[in-house]
Amino acid sequence: MSQMNTMIAAHPSVQGSTNEVLIRATQEFYSCAQMCISCADACTAEDQVEMLRQCIRLNLDCADLCFAAGSVGTRRSGSNEEVIIAAIRACQTACTICAEECEKHASKHEHCGICAEHCRRCAQTCEEAIGSIR
Amino acid sequence: MSQMNTMIAAHPSVQGSTNEVLIRATQEFYSCAQMCISCADACTAEDQVEMLRQCIRLNLDCADLCFAAGSVGTRRSGSNEEVIIAAIRACQTACTICAEECEKHASKHEHCGICAEHCRRCAQTCEEAIGSIR
Amino acid sequence: MSQMNTMIAAHPSVQGSTNEVLIRATQEFYSCAQMCISCADACTAEDQVEMLRQCIRLNLDCADLCFAAGSVGTRRSGSNEEVIIAAIRACQTACTICAEECEKHASKHEHCGICAEHCRRCAQTCEEAIGSIR
Amino acid sequence: MSQMNTMIAAHPSVQGSTNEVLIRATQEFYSCAQMCISCADACTAEDQVEMLRQCIRLNLDCADLCFAAGSVGTRRSGSNEEVIIAAIRACQTACTICAEECEKHASKHEHCGICAEHCRRCAQTCEEAIGSIR
């Protein structure tokens, strides 16, 4: 059991019965956000940065929406799942579109390949997280 | 013309033809986020904080999604409006649900009334912003 | 009196005696964050983006620290001013360094000039905000 | 080697010679931010929430500054370490003060104990991260 699991298990409204799929998902959202921030910065440093403009933007958009989904998903919004689902859906859209863009540059730039892979997996995790809530 | 308008008008891909509805919207997203952070803190300080638990959470969720919509909307994601729309839709959901909760406490707590009003207006702004993009 | 002032005046621990200097400062932190996000995106779109790498990074760093200072300053951390001051100091450092970099490009890129001006003013506001707390 | 290490090793300005202490630190900043968000939410749900007001605020302040330090530290601000150090110093202050507050409630609330432990460790990590940069 991860430390985050132990943490959430100690929540007075949870009392041990954690949604482990959602907890793992929130951790992946934060990790994907960091990957995207790092990829944007690596793209900025590339010789051919002018080919990577759209990638930089989508990386930063994706990071913002991953962070929001991570924080909203970490907070237990009581009986209201609608906000969590909205946050995760937006995160999923951003991850999917960011992955598509990163994949175009994966053969030239290893960081884009790594980032694309994370975003693809994160979009899949979003699906599972939503499934675990409903 | 606001300073933010002048700023975005200086963007090389914009060159003066700004979407003023979207720019105003992004400013309102940030301002609504700050309102929600302030309302959550005021709720935490209330004598009857145990009545305001759900309000605190929804305030914080709303702030996170407003910030993300503000930043994604500020960035010009090239020809890709899908991410901006996803971010604004999530923001709108959070604003609507936060407003509903805040309204329940508006008669007792002025800050909840002010916050509810901002969230309602922000949800409406989301609609206009999406309309301006499409 | 701004709406944010009214909001914070309604806080049970404030009861009307707001620190208007700090409130205005928090609003400027968020506004400076947005300017920096916009400047980073405009830099990314410039023909000579390879000259603006450091500017893009410092803009994004500055945005992150402005947001944090805005949110920490909005929340009334009870009797503990040390965290607020730490947040504002970090914001001030980022604003000063970002302004220096943006000024180098101000003659070529209007957005860098606007951003530099905002960051300079924001660094000054940080000083005033810290003075208002102590 | 963690995935984040592989990612940053692929950065064109890094080319394999990563600062592993800093990379691990940024991951811990994000993880500490999530812990603090979770602790704030658990505190909000406690029967004796009125005893935990200061804890909730400091948790949220700490989360904001941990996120900023994580993102600034992930981005390679070229030759400019001053901003990274400022961000990490602010994070360290917030972690230390949050840990002190959480420790007061650790005997009653397990989540405060877990959070205090993370914040203490994170404050120590800040020190090591700064040492690794200079």
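Letters A, B, C and D mark the chains in the order given here, with residues in each chain numbered from 1 onward.
As a convention for this text, a contact is a pair of C-beta atoms (placed from the backbone, for glycine too) under 8 Å apart; a residue touches a chain by one contact, two chains touch by 3 or more.
Since this is a predicted model, take the numbers as computed values, not measurements.
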item: Most remote chain, CA-based centroid, reference being subunit B; value: D
item: Subunit C and subunit D: spacing of chain centres that average the CA atoms, whole Å; value: 21
item: Centroid spacing, where centroids are CA-atom means, of subunit B and subunit D in whole angstrom; value: 26
item: Of all residues in subunit D, the ones touching two or more other chains; value: 41, 45, 47, 53, 57, 60, 67, 71, 75-76
item: Pairwise touch network: line, ring, star, complete, or other; value: complete
item: Touch list for subunit D against partner subunit B, complex; value: 41, 44-45, 47, 49-50, 53, 56-57, 60
item: In the complex, subunit D residues that touch subunit C; value: 53-54, 57-58, 60-62, 64-65, 67-68, 71-72, 75-78, 80, 82-84, 86-87, 89-90, 93-94, 97
item: Touch list for subunit B against partner subunit C, complex; value: 3-4, 6-8, 10-13, 26-27, 30-31, 33-35, 37-39, 41-42, 45-47, 63, 67, 70-71, 74-76, 109-111, 114-115, 118
